[in-house]
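Structure below; questions to follow.
Labels A, B, C, D, E, F and G are assigned to the chains in the order they are written; within every chain, residues are numbered from 1.
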Amino acid sequence: MNLLLMNMLLMLCWAAVTGNFSELNLLFGFLLGLFSLWLIREQTGTGGYFGRTLRIFSLLLLFIRELALSAFRVAVLVLSPRMETKPGIFAFPLTVDRDFEITLLANLITLTPGTLSVDVSADRKHLYVHAIDCSDIPGNVADIANGFERKILNAFR
Amino acid sequence: MEVYLAILVGIFFTVSIYLLLSKYVIRVLLGVAVLGNAVNLLIFTAGRLTREVPPIIPAGLQVPVDPTANPLPQALILTAIVISFSFFAFLLVLGYRSFQDLHTDDTDSMRFAEPVDEPAPPRGY
Amino acid sequence: MSAFHFLDFAISIALVMLTLSFFLTCYRVVVGPTLPDRIMALDMLVGVVIGFIAVIGVKTGYHLYVDIALALGLVGFLATVAFARFVLERGVGDHERALLEDREGKR
Amino acid sequence: MNTIIFRTVAPYLTALMVVFSVFILLRGHNDPGGGFIGGLIAASAFAIYGIANGVAPVRRALYFHPITLAGFGLFLAACAGLPSILAGVPFLTGLWVFPTVFGVELALSTPLFFDIGVYFVVVGSITAIALGLEDRMEN
Amino acid sequence: MMAPVLAGVLVIVGAFFALIAAIGLIRLPDVYSRMHAASKAGTVGSGLMMIALAIVSGDSGTAARALAGVIFFVLTAPIAAHLLARAAYKVGYPLWHGSVADEMSDAE
Amino acid sequence: MTGMNPTIVFLLSPFLAALLSPVLVRIMGANAAWLLALIPAGIFAHLLGYVPSVAEGEAATMGVVWAPSLGVNLSYFLDGLSLTFALLISGIGTLIILYAGGYLKGHAQHGRFLAFLFLFMGSMIGVVTADNLIALFIYWELTSITSFLLIGFDHNRMASRRAALQALVVTGGGGLALLAGVVVLHLVTGMNELSLVLNSGDVLRESPFYLLAFWLVIGGAFTKSAQFPFHFWLPNAMEAPTPVSAYLHSATMVKAGVYLLMRMNPVLGDTLVWQTVLPVFGTATLVIGTLLAIRQTDLKLMLAYTTVASLGLLVSLTGFGNEKAIEAAVYYLVAHALFKGALFMVAGLIDHEAGTRDIRALGGLRSAMPLTFAAAALASLSMAGLPPFIGFMAKEEIYAAIARADAWSVAITLFTIIGNALMLVIAAAVAIRPFLGEAKETPKHAHEGPVLMWLGPVVLATLGLVSAIVAHTTNHLFVSPMAGAVAGAEVDAHAAIAFHIGLPLALSVVTIALGIAVFCFLPQARFAMAKVLHRIGWGPDTGFDQFISGLVSLSTLITRFLQNGRMEAYMTTVFLIFGVAIWYGLIRYGEFPEFPQFVTPTFYEAGIFLLAVLGLAAVIYAHDRLTAIVSLGIQGFAVAVIFILFGAPDLSFTQFMVETLSVVILALVMTRLILDKTDHRPFGERFFDTAVALIAGSGFLLLLLAVLQVPFDPALSDFFTAYSRVVAHGRNIVNVIIVDFRGLDTMGEIAVVMIAGLGIIALIRVKARRPRAEAEQ
Amino acid sequence: MAGASSGHVDPTGILVEANLHLADYIIVAPVVVPVLFGALLLMLRGKTRWHGQIAILAMALLALSTGLLLQRVSAEGPVTMTMGRWLPPFGISFSVDIAGALLAFVSSLIALTGAVYAASTTTTLERRYGFYPFFMLMMAGVSGAFLTGDIFNLYVWFEVLLISSFGMIVLGSEQRQLDGTMKYAFLNLVATTLFLIATGLLYGLLGTLNMADIWQKLNASGDPGSAARAGPVTTIAILYLLAFSMKAAAFPLNFWLPASYHTPKFLVSALFAGLLTKVGVYSLLRVLLMLFAQERLVLADTIAWVAAFTMLAGVFGALAQSEIRRILGYLVISGIGTMMAGLAVGSLTAITGLMVYAVHSMIVMTALYLAAGIMARLSQTSSLSASGGLYAASPWLAAAFLILAFSVSGLPPTSGFWGKFVLVRASVESGAWWLAFVILLSGLLTTIAIFRVWIFAFWRGGPQDTPDGAEAWKVEPLEKAYRQGAFLALGALVLLTLAIGLMPEALLSTSADAARGLLYPGDYIGSVFGGGQ
């Protein structure tokens, strides 16, 4: 089922990318997708569900907002005459435990203001995050836990 | 416009030759990479320059409306880029293998084919 | 000022900023001081080039440049990955360590 | 590179890039692209896959040894010149047919197969190089 | 008439972010901090410029590819930053002396 | 050309015999010699058939076309000169083959030996009968080659190897002079056939190339005929088995030089230089040869040095400049072939039977080897120039020819007398010492040799007598035609065995008296010679060693300097040459560019150019390799952007990909390269490298500017642009060029990519498991 | 599908309209066959057992096609096929004249013997890691270089044969090989890059790449100094001279050859010696002699000096070595000098001699390396000091070597004599006495060098310090398969040099025709432009 979904997605990507939604092109895109999925057949296994589209969309909105903010804050920081930075690395205790979710979270964190995922602990319990402003670690942790992590859990559980 | 690019080509050549004259394989390899670019730019310039207009015929037309950049040097350079990349890769791995066996990238120390103490030719009959 | 004049103007401004970005990024590649600094700067350079290509695409009307930008993004990523891997395998170079210690010492 | 984050994303990136590479390959005749660039993109894809998930999965995924693919590519490209014999025209003459399948006119031609050959050569060779070097690392 | 204006704005903003990122690259104190600038502002900057291109192209295929490109950058930029930061940290490139915390080293 | 002719088959038959002899020897053993000797005997018999007509002055030419585009024919020319030589060669050859059958009986390489001998025989017959100058040269070199093989027959002895190489170098080197000479003759006369060239003497003598042709021919002849100072190889060649010495160094190979001089006499002779150079060198060789001969105690060496001397005499006579001298030369040539062949075979017999050739260890063999003694005695008498042998006739003729009143002739005569006297001494020593006196203990107990071996000397020695007795016939059939051919005019020889009281006889008497005197004091003379030579301490023979060794040393010196094993030095030389060549070309041929027109670029174009330059600077100034590698990306991206700015999206595309992939594989490789040692260049080197790079780089810049000044012809691109869409169905012109217009380039290009990939895999995977033996496949 | 490419467009002035026959494909077969087989063998990398036979088949087909081509060109004059049917000069033409066909034919013969030799001497590992694909593609490169009529395409074939040669030379990865390959690779890359630079500049100057078109633009205009000759033509000619001289290993750009030719398998050295430098010589002929005819005249003195120094540097190098293969490497160089002498003189006779000598050199140098391989296999060494006794140990090998030694020294009755003779005659006729002298002198020194090998390795009873007069050889017996393959290959080449020596007319007249074609390329030009106009 997941595989089929993925495949359809790839097919649509193909059609979009080529700008040609004719049947033949769709068929070709489907075959192409089949092939590329076949290439990664060992790693495939999970995927998303149609039902979660909305929640995913909400996550996306959050992300775009955070991204814009992030960029803006970095801009402000960089352009300020005296850069007051208190950088550091803190450990974020993970609630999500699937590979896909951890990855998504880590990426989103990296894209948010002043934070950067450095590593996941070996036991997958913690995500180490570098922050430009590390003066309030509990606050940082809470922001993430209530923001991206919750949205992810909503969208994919 | 060609003049600037010609000067740039000259600089590319000078730098690449300087790198090629090093004793150290890695530097020489960098020289090879730069030399490739130097040559490509040379061919590009020699085929004369046109700003911005790529040699692509707009959809629906039989021939381009405006004069386009000269396509032939581009095709030649494309071939040359690929070839020089292949050579670069081969030489790089060659250097790597040499390092593995000979433990240096100093060509002066890689004297196996023409050893320093090569035996004198035999005398007598 | 018509919309298209504005666009031309915007493009010129953007090109100025991008050109400046080139030099700044280039500066970081050259001065380092650490290898990850240089790698990151190179990665950033790829980003700037992508932007530059996009702007040139807008300027000239050759929208097909988008694919070049896209492909550059793909391989640029690969380069950074390979370098990251290199850093991981090789560790901090002796020369770099000495350099870093010098800097720390001066503070 | 033993990191969950990379390992999780890399296969999808690879699949995406392969699709993109074929796109670039096929539209090369009309827009920037073609077999060589497409091949490079696909090879980059496999390199990423290999660095993230190890060489063995890539090798299994490709089934054939990449250099064999390169050989196939050259064979295909050279063969693309041979139908000219039947047409009584010189080697590598572009021969075109425009069959209509499901109402869509397709453009099949010997240059297309030639370009596909180029694609395979590049994919095969560059992947072989990257995997070969990666193998060394893993040993 | 909206499209050129929007594109112009996007182009300027995008280039501005790229410049900011470049300045950040120069000004920030250590490799980890600089990575913030590079991975975010860079992504945003080039992403905006790509979107500008998508807007002016007026062609769905081009627009789709431009957007695909943006998605791709968003997908890869954090991973690249993550990999590099992780590698740098693992092999011992130190944090800036002014850093206030390092829970990663505490854990190990 | 008369087409194929039985004579040609006969003349070429020794080559066939060479192929047959290993087989026959394997089947029949030593007795194969009887069968094989039929071939030279057959040639001899066949050629005899020409004697009457040639004696009437009718020269025969025949031949087949060989390499017509060069005017080379397999053509033959039989006149008195060539026929006599050919008869000597085939006749003596018959006896030598028989002799060799006995001499090498049971030797493991007997068949091979006979094969070489036949090859030699065929070549030698070719030399003297060839009409085509180039064919003559080919045969000439073949004699050098085959004699090399024969002299080195005892290959595991160093002396043999040295002698063989010496002979090859000296005669082969002389051969090259002859080749040049042949080319010059062709250049001047426009002809390749001797029979035609012979009529061009006047043309040649008047041409500015005469002297050149003369010296080149002399170079060939003197080396082959062991004239001083090239005489040294001949005695050394005595390392060869005796049949070789007897054949090559009596009748044949060494006489090839004499043949050549005689042959060329009508063309090159009759000039002052000819009549000066030949007698001077000939006489010098005569005297030096005989002096060196009495120094020896080895039978073969003594004979060898007298051969040198005799050749000197022949050369001297050939160049003396009157018909009488030529007649004398002909007599002496025939006489020498007969007695020297016999004596060499005798020496071989003695060696074979007694186990030594040292005359001090030999004595009283006459009873053990009566037939040998008889042959030795007859031959020695001829050599000594005593009546009634042909040697005597020859000497009479010589004195008759050269004893003139002018100072020049007197000097020559004086030296000739000394030479002849010493020759007599050797003759006596060879014939008397081993056979007369007390029997001495020898390494082997001597018996008479097998018939195969004594037949030759007996026949030849007897012929020395018979030919003198039937002098009239000899004169008519052989001497006159031959002398006529040499002189290029009709000659009527009428020497006879009868005494003619006169100056020649008186000189003979003086010669004999002087010889007997010296013979009585032979040990003392030998001692004195040895002392003199020791005092001199150097000779051309030592010189040869010094030449070879010096040549090797010089070569080593030069080569180690040029090929010093350092890649950096190679690179530097190459680029220095490139740079200088371009600058030279531009300046010397007036192609230097004008000062170019500068137009203003846009700021971002300028920025990208600057970025490229900065990238390059970053690569150069990077203090370690890694920084340099990362910096490499900058210039690569800059170039890619330049491609975009000037309308080359495909290039830009590819450049980005390739540049990045280059950096990627560099990084992959560097991951395993632990290069801690810095790669800094010392200042001096940096300065020099910069200079070289600047010279070459600026050269390329100027050349490019010069090209850019010429209006561009866009015909090709116009064509591609016009038909890319219409005919080739592609809108991307660059891609259409790649896959269609110039698809073949691309095929080659992908072949390169494929092979590079394969090569890299091979590099990575194949490891030499052990430092394998240097020579293993 | 036939002919669909032209659509509605009138093909006049766009496409070659003359119809092609199947037989015309022999023009391109010398490239297509090895490419296809090379790719095929790479795909069959699991079935290494078949490689030897397939390669022999491929090379036999190659030899067949080049042989037919030579025959056809000799009979009908130059032939041209322009790829993709595009009218010259727009498509890539393969323009075959006698010079190209002759050299292609001889090189395919050499490749065939090489394949025979290889069938019994390559290891499974070597096959698996691409020996045969390298070999095949190298032949594609060599054939392509000889046949192409497009200067950029020539560059491409140069690169094909170069990268293939890299693969061959380094296969085995011994220390010596790695070092040798390093020098070989970098220096050759510099040479081909110079070639590319020159070609780029020439394109910038003339706007064309087709050789016939270049010839027209450089030579067709009647009065010298006209617009057609404007620009830095001579300097570009100098670049070509440098690039091809370096490729041909002419002094003083020959460093790469002595540094590398003794490091790979003997067979590889043999093929290189026979084929690669000759491609450089051929390119000098095609480009400098034919295209830049006037410039070659201007540069003739320089070329003559280069030739003389190359001959001497070669023989001096040979005399200075203690290893057989290094001696042979220098002899290759000396031979190149001899050929350059022909180029310097440039007369019809000289070019004839050059062609004859090139053919001779290809055959003999290959054979000498193969012989050296058997020698090394027998005595387990290539060092002159350590070898000896081969004369007694292997008389057939001795006979073969001896003939080759005569041949390489330029002595009759072998092929070597004719080439040298014609060159000497040509030099003398054109007044270049000193050049003739150097040719002869180098011949003499070559004789000394090669007969030193003979004396030490064959005649001497055993290794250095073997007592005088004793036979002390110790040889490894050869396996049957090896013996058969090796001697078959060697024997064929030896017989070839002898056959040419004894029956030189065929080669001489063909070479003369080839020279005529190069010096007066009217027919060549006609064959290129005659097709569609």
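We take it that contacts are C-beta pairs under 8 Å (C-beta built on N, C-alpha and C of every residue); 3 or more make two chains touch, one makes a residue touch a chain.
All values reported here derive from a predicted model rather than from experimental measurement.
Of all chains in the assembly, those touching subunit B and also subunit D are C, F, G. Closest chain to the protein centre (all Cα atoms averaged), using per-chain Cα means: G. Between B-C and C-E, more C-beta contact pairs are found at C-E.
Distances between chain centres, each the mean of the C-alpha atoms, put F farthest from subunit A.
Per-chain Cα centroids separate subunit D from subunit F by 61 Å. Per-chain Cα centroids separate subunit C from subunit F by 70 Å. The distance from the centre of subunit B to the centre of subunit F, each centre being the mean of the chain's C-alpha atoms, comes to 47 Å. Shared interface positions of subunit A, defined as residues touching 2 or more other chains, are 13, 17-18, 106-107, 117, 119. Residue numbers of subunit F whose C-beta contacts span two or more other chains: 158, 161, 165, 552, 555-556, 563, 565, 567, 571, 575, 645, 649-650, 653-654, 657-658, 660-661, 664-665, 668-672, 700, 704, 707-708, 712, 714, 716, 720, 726, 728, 731-732, 734, 738, 740-747, 749-761, 763-765, 768.
Counting partner chains per residue, subunit E shows two or more touched chains at residues 16, 21, 23, 35, 43, 59, 62, 65, 68, 72, 75-77, 79, 81-83, 85-86, 90. The full set of touching chain pairs reads A-D, A-E, B-C, B-D, B-F, B-G, C-D, C-E, C-F, D-E, D-F, D-G, F-G. Those residues of subunit A whose C-beta lies close enough to touch subunit D in the complex are 10, 13-14, 17-18, 22-25, 27, 32-33, 35-44, 99-100, 102-103, 106-107, 117, 119-120, 124. Subunit G contributes residues 1-5, 16, 19-22, 24-25, 28, 32, 35-36, 38-43, 45, 81-85, 91, 133 to its touches with subunit D in the complex.
Those residues of subunit G whose C-beta lies close enough to touch subunit B in the complex are 152, 156, 159, 163, 166, 170, 173, 175-183, 185-186, 189-190, 193, 196-197, 200-201, 203-205, 258-260, 262-263, 319-322, 383-385, 452, 455-456, 464.
The touching residues of subunit C, when paired with subunit D in their complex, are 64-65, 67-68, 70-71, 74-75, 77-78, 81-82, 84-85, 88-89. Note for the complex: subunit C touches subunit E at residues 3-4, 6-7, 9-11, 13-15, 17-18, 20-21, 24-25, 27-28, 34, 36-37, 39-41, 43-44, 47-48, 50-51, 54-55, 57-58, 61, 63-67, 69-70, 73-74, 77, 80-81, 83-85, 87-88, 90-92, 100, 104, 107.
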